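Pasting the structures in now, so scroll down.
Each of the next two complexes has chain A plus one other chain: chain B in the first, chain C in the second.
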Partner chain A sequence: MESLSTSSVSGTLVTLSAVLMLLAAFACLGSKLFNRYVAYYGFQSVVLSFAAAVIAEHYGSGELWALAALTLLIKGIGIPLSTRHLLLQRLDLRRDVAVSTGLSTSLIIGALLTAFAFLVIGPQDLPAGAVASSAVPLSTALVLLGGLAMVVRRHTVAQLIGWLITENGVFLGAITLAATFPFIVEAGIFLDLVAAVLMMVAYVSGITRSLAEATASELRELRG
Partner chain B sequence: MTALVVLVVVLPLLGALAVALQATARGAGLAAIVGAAGSFSAALVLAGKIIGIGHFQALDGFLYVDAIGTFFAVVVSFVVLLASFGSAAYLRSEEERGELSRFQVRLYFVFFSVFASGMLAVFMTGNLGLLWVLVEASTLASVVLVGLEAKRRSLEAAWKYVIISSFGVTIALVATVFLFYAGSRLHLSTAERLTWIALFTHAHELSRPGVKLAFLLAVVGYGTKVGLAPMHTWLPDAHSEAPSPASAMLSAGLLTTGMYAIIRYRAIALIAVGRSYEETILLFFGFLTVFIGVAFLVHAGNYKRLFAYSSIEHMGVIAIALGFGGMLGVYGALLQVLTHAIGKSVLFLSSGHVVLGYRTREASEVRGVLAVFPLPGAAMLFGALAVAGSPPFGVFLSEVTIVRAGFAGANPALPGLLLMLLAIGFVSLLVTTLAMVTGERPVTAVEPPYPTRGRRVLACAPLLGGLGVLTLLGLWIPGGLNELLVHSVRAVS
Partner chain C sequence: MPDAVQVLQSLVVVVFAPLYVGAIARAESMVASKRGPSVFQPYRDLAKLLRKGAAISDQASWIFRGAPFVVFACYLTVSAIVPIITSVPLPLAFLADLLGGAFVLTLASFAITLAGMDTASPYGDLGASRATWIGSLVEPALILVFFTVGVLSASDNPYLMNHAVRASPYAIVLPAHLLGSLAFFMLILVENGRIPIESPGGSNEIASIEEGRVHEYSGRYYALMRWGSWMKFFLMSSIFVNVFIIPWGLDGSAHNMLGGLIAVPVLLGKLGICGLVVVVIDTSFAKLRFFRIAEFVGAAFLVALLGVVTSYVVSV
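Right after this comes the complex of A and B.
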């Protein structure tokens, strides 16, 4: 089967989606509001599902269409909605104050990491002219930016979003480089992702509650 | 054959089934023991058959068993058996004391079963994508065990564990994608391009840059699970906060599972890229890991953390053994996998007595274990001796094999350095454990951890069994085991 070339319309659309995803990751790094993190992640996932749909259309593969639909439903809608309802609203999280480096510093580091991604994933390692040669460096940059977000943010919700961005990056690389992954494996990956997110949501609320209780009990001890 | 494989994987789920049928902690514990014993016996039978036929494949390679897979299945199912005995006793005592609610105990047995079954399934698949899915699934099940007590510390440990290992496993997914991509020039079907047997037989035709990246990322990604430095930071917290039988499963089971994945990737990289590449990477991470493990062994205040750092050290030793390579190196690595698994199970299970009795995890507050609990105290002492690498226990034999493999290589400084680090590790592990085990009986009363006789038997049986096997392995390797080991080494070289 023909691999997707950079110059075709579909190839351009996939590259464009990858760039938009990178921008969304930077927007996330540059923000301090929890609901923005979630919104940018949701946007990124919708773009990702669009890229998956373009690739599915190119290969005419039903499995890839199913994957695109799963991405939209789970990552684009399910995870953002559930984090918003189960975490942000219930725990009343608004502003992220646990940031270890300033926003501008983390943006500069992010830019350096993006340059680094293009440096290490040289085009010579990738099929010439195929869309993977432009999308894989971008997806590597996404992986690194997600990792950066996990390092500079200390709040559990921010770390969760950082990991999800990394995961989106890996997924983008996977669909451009290895579009024909066996479906069983892809479905398993999705199942693991959902389980991991549910588990993380449970722990985030558990930790936030226990911290709140701790502060309250200190207040009681200091009374009178 | 397929039925046997299914038995190995499914029988540990008996514990979860018992919970679903509204069993009490006692019932669930007994069901877990029966399931684990069945799974261990099935693994033994499977190993016997595999030695005869080489390997067995079904369902497009999604189901694939060879010697090394069954070897790991035997090791891990034995660990599950030991830990099931421990769980049956430990969890009931925790419930009686009100440390854990009934719901938490049920949660424990469900996820303990899923964790065990997930790990065993890892060894029964030949599809590296499915292997990834199963490793991640078993990790997620173990996260629940770490955070079970739902106190602030255990929640934090569980969070650290889930976020770091999820990130690591994402890296391992990238490795899987690159390996898949490395085979794109071959005329293989898409399912075969992730299948171990196809990749291994066509390894010399794979794209070199693809395999190089895949191997490095696999060592980093699965290495997070193994506890290779510098990706080890989740490990001491998770091991210290989990209930003791679950710590044994983490240390002896999960780390082993991660190492299994690395061994598979190494075999492909060895053929596709050549010896010096994988050697450099494994020796680098191995020595860094042993160094970090030993450095933290020297001043670990919490005894469960002490044992966790000892696990890190051992995983580093295994990575080094794989780096030394050759028949002898891989043989030593596999033997170390086995002896580490049993020794660490004994240590963590005996620490369960101490946690329940002394109600502290600080080594400095624990004295006179031998006087208070003679059998668990002795198990802890001998377990520590065994794990530290003293003769006549199995770890001594495997470490000697590994050092010999090193001296057979080009650079004698490396095994020399390893010996020195092992000696420091030996002293630091023993100094702390000896102080805990010996000494005067504590002034404050120590509660008996297991009030009934039945529970005492359940808790002590795995200690005796584990130590017995470990001593046996130090003196004599049974013929069948040796044959399985040799076949395993051949399967990946």
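Right after this comes the complex of A and C.
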């Protein structure tokens, strides 16, 4: 089995996708309007499914093809549409005002986190030619940026998207480093995620019937 | 013979810059379902302006009269030192690297700013103040872009960069290079007053930046200023396609005129692709409010910074 090195066509496409995903994560961090925030997440997931398809093609793995299709359907189309519907139609929220730092500050912190990811996982330390080496620190950066979005945003749905960005990063890292990962594990994670999103959406929409805005600071007051 | 190619290169910039701008204006009209002006309209404008006499304020000093020539000379200098039609350095290429080229472009901008303030016209002052503010934001981002260039070629010489990308085409999709290219493209839009920053060619005084500075000019001085700004757009777009995106199709020897002449239509084709992207952006985005420009340039800065950060991969 040919390895997924940086200079192969597949490795190049995976790296390209990783860069686009990083840019989409930054776009998420920097957007104030909810519909754009969700759209950028959807774009990121579509790119992720493309990367998964490239790796599936490279290794000829039917399981990865299935995962790529699932990613496209659920994370690229399903989740963005449903959260968009929830936020814009049902809650009538257009702008995310519940942000704890300025958008430019969060972008600068994001750039620092990316630098940190490259510092910790220097692609030059990875075995040369074995993996698409720049995709690995990029996926780590995505994990950190998703975490940052969860810290910076206070609205629950916005935090949920931050968590999904982190999940995208984990998924990208997994398929880049260990594409031959047992299908059942990945699919299990995936199902977990879908269940969590469904629960979250149901929960948030239920709770917002009584609360005008579902921000985490208000939810915290519900403790006994 | 390289001397002849050198002359040809500068001639290409001088002659085809109005065509490039005219073609983009025509394409934009066509996208908007209008017929639009002919692609040769900029040439007609130049001919008209060059025939006319210039009205100059009696308050204007020699700075006002001299600036158009300084500006035009600056852009001519840049046209001699960057790869436009050849991929081997021409006799004058030793003058400056990319950083030096940026200095010369900034010198031109400085001359325009001085000239804008010289007649004490409020529009000129306003344009000068705005352009200087934007320029101070663009500068750090541009320097970071040059760093990402340096990552691949270990140099800030545009010719070495062109060679580095041609030698290993997959370098084009390295994160550092991609992000650097994106940031450079955003800076081209800012520097040349394209749509997210300013409506090109429109002299709406509330929003004018580039147009504000040359508001007082008329006749042949105005022709030189307009021509110069078109040359700047042509030059920066050429650097973008030849150094960053499509480094192929250049004359590799500069030994005879034929190679240089063949490279001209290829260059125009590549600029057509770049112009198409500009048209798409011009027609699908709105102009930013003035203080949002800082965010746009900040985004370019961030992208370039990410490019530098991700440049560790160069050792692969």
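In this section, the second predicted complex is superposed on the first by the 204 of 224 C-alpha atoms of A that agree within 3 Å, B and C clash if a C-alpha of one lies under 4 Å from a C-alpha of the other, contacts with A are read in each partner's own complex, and residues count from 1 in each chain.
What we mean here is this: a contact is a pair of C-beta atoms (placed from the backbone, for glycine too) under 8 Å apart; a residue touches a chain by one contact, two chains touch by 3 or more.
Since we're looking at a predicted model, the values are computed, not measured.
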Room on chain A for both chain B and chain C (clash or fit): fit
First, second, both or neither for A:V170, with chain B first and chain C second: first
Contacts of A:V99 with chain B and chain C, given as first, second, both or neither: neither
Which of chain B and chain C A:T114 touches, first, second, both or neither: second
Which of chain B and chain C A:L86 touches, first, second, both or neither: neither
Chain touching more of chain A, residue-wise (chain B, chain C): B
Touching partner for A:I77 - first (chain B), second (chain C), both, neither: neither
Where chain B and chain C come nearest after superposition, their Cα distance in Å: 19
Common ground on chain A, meaning residues reached by chain C in one complex and by chain B in the other: 124
Touching residues on chain A, where the partner in the complex is chain B: 124-125, 127, 143, 147, 150, 156, 159-160, 163, 166-167, 170, 173-174, 177-178, 180-182, 184-185, 188-189, 191-192, 195-196, 199-200, 203-204, 206-207, 210-211, 214
Residues of chain B touching chain A in the complex: 62, 127, 129-130, 132-134, 136-137, 140, 143-144, 147, 150-152, 155-156, 158-159, 162-163, 166-167, 170-171, 173-174, 177-178, 180-181, 184, 190-191, 194, 209-210, 213
Residues of chain A touching chain C in the complex: 6-7, 12-13, 15-16, 18-19, 22-23, 26, 30, 104, 107-108, 111, 114-115, 118, 122-124, 128-129, 133-134, 137-138
Residues on chain C engaged by chain A in the complex (per definition of touch): 168, 170, 173-175, 178-179, 182, 295, 298-299, 302-303, 305-306, 309-310, 312-313, 315-316
